[in-house]
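Some notes on the structure that comes next.
Letters are used for the chains, namely A, B and C, taken in the order the chains are written, and counting of residues starts over at 1 for each.
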């Protein structure tokens, strides 16, 4: 074969591999997953990875990315880079409602576990109404925290425009609070607890006070993946249930794993875990509230909530498991 | 603007719309021009995040850019003139300038936040970084390009050093200074989205608007936001071109 | 009105690539100009004529020698010496009026007075109607008129002119030569005029200084006694031109090298 032809052939293969991304092959291939940075809500995943529950269930996991916020995970789903992920129910609902990606929710990961923390120096703020004119940071538009903040403000009759709501990564929130650049922040655990143990902030309101037993993070999966590899998906859900149970039964071990994955100290983790409820039970009423409020604040436009939810939540994978 | 310059963009839009209508790419990946227009309508009427309308976003962004750009102007022109007139200064500063210039403003985001906190000052700093180098280097080049014979002529008319600066070098380098300004403003405007990563306090900013559209999976509004940024940049360039033309009537 | 200029043993050297052997451009130039006289310097291209003028103007320093103006030594810039350059040296961003005013502006003359003086020259030089035009809008001849006006408006006693008409076409050139003689005739500054056109030198000057190529020496100082207004085509003018030509280019037409000192 002449050199020119060889070069042309290599060039064509190169172009082809760029233009036609390879589809994931069934069987033997790892399940591509992601979670949020330092988000204690995703502890079940870390436990399952650490204790080898996935391997026990006969499936291998590849952690494709650790993300800053839910919207980024949804974008990764949309690009076809993820099979399953732990992610907030709010950004997942938004992405599914927009048709940006076809995901389904297979199981709950946790409820509650968020808090609004106010700077220690802002001693005058005693309630949500005191946030008027203040700067409050949250992890991103459409996150569960954003959702809860707006819900809370509205419930107190405070117009969102009266509060300076800023988007910031939770890690940046601690520095900003300490430096006095923000007056308050709302974030997932362990950040609120960390602010308290650092002595730079106090909890103004916990998420359960805004909406009791509210669903928070879920285990979501790409629809194409579910169709192609239902057995792998089932295995992941089984491992998830096992890990969630493990958290309840082995508190100290759970603390150790949490410390490993967040790099935070024991006091912070123990305080944080008190605010989070780990459960796998899906709540239709909870999802309905997400759909209702997200439509109210015009983040999404759903004409038929029931049909949407039917296509969004898939309980079959949970039902096959006896905890 | 000549009539012929509209032909290519219109052709491009038609092809784009055709690709979308025929479904050659999924709508989640590529939004059609029609949907972008509708997205633009939403940005103007509903706003992104909801309740935050496009014109205010543009205003706040313009404020940030003007702040950073003015700093670049105030520092860049005098320093550029000084460098143009002094070989020693040039030799002293060129290495540092050439070292810092290629570092993209985006890389400065963490430092900017550390030094200036979140909000206007750090955003202005990033924009300053983008606009400063073209202004400095073009001013310096402009001074160097002033015909020596003009300086000689001024000297034979008994111009003092100060006179030569003010009456010869400054007006003589004005064309290059204006070029530097146009380039600096363009880069400053381009740096806007990166600059707004340092944090947007009052909830307004075109970069912040686009990020919010991304968070809420509104690809059509991401495109529309980019179109808005492009159009405003075009308008700014047009204004500067007119200014240049009137100041440089003598060319 | 004009000053008396005396140049004694003026020399200029530049360092060259070879250390220890600098390039001598001007080699002991001696020159004397009577007050109010019109003297031309002719020489081949690259013969250091411009360097000589620049030194007298104070734009460069001589390596040795002395320059005296009315008996007073000249070291560097003197404000009674003006210069007109061969290339476009008008400030392109200034109008005709502003260009002419430049010297007065630098001298901090109040604007009313400046404008009046400048307009005088504009009218006298036939530039009326062009005071608000920029140099790019003027013809070559007009530009040089503006350049001359700019220099003369500050009333220098010695005017140096470095081939001011060489970039013009011959018709404009002839016009401007006549114009210059006209102006000089009324004002009588001392003019030191550099040119490589023998015709121009013969037409304009009281005296012609012929210099050699680098290192430049004065070959001969030729008085021009022809009556004014001069007839370019007269036999005397032709003979003079031939004499200068032979001096510069020798019998076979090659440039004459100066003898080593």
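Basically, a contact is a pair of C-beta atoms (placed from the backbone, for glycine too) under 8 Å apart; a residue touches a chain by one contact, two chains touch by 3 or more.
These figures come from a predicted structure and were not determined experimentally.
> Check every other chain and keep only those touching both chain A and chain B; list them.
Chains in contact with chain A as well as chain B: not a single one.
> Quick check for you: compute each chain's CA centroid and the global CA centroid, then name the chain with the smallest gap between them.
If we average C-alpha coordinates per chain, B lands closest to the whole-structure average.
> Of all chains present, which has the mean Cα position farthest from that of chain B?
C
> For chain A versus chain B, what separation do you get between their C-alpha means, in angstrom?
Distance between chain centres, rounded to whole Å: 37 Å.
> What is the distance in Å between the mean C-alpha positions of chain A and chain C?
85
> If you average the Cα atoms of chain B and of chain C to get two centres, how far apart are those centres in Å?
49
> Which of the residues in chain B end up touching chain A in this complex?
27-28, 46, 49-51, 113, 117-119, 199-203, 208, 211-212, 214-219
> Using the touch definition from the top, list the residues of chain A that touch chain B in their complex.
Chain A residues touching chain B: 69, 71, 74-75, 78, 91, 94-95, 98-101, 135, 140-143, 160-161, 164-168, 172, 176, 179, 181-182, 297-300.
> Quick one: which bits of chain B touch chain C in the complex? Just the residue numbers, please.
Contact set of chain B toward chain C: 147, 149-150, 152-160, 163, 167-168, 171-172, 174, 249-251.
> Would you mind writing out the residues of chain C in touch with chain B in their complex?
Residue list for chain C touching chain B: 54, 57-59, 77, 79, 81-83, 85, 87-94, 102-103, 105-107, 134-136, 150-151, 154.
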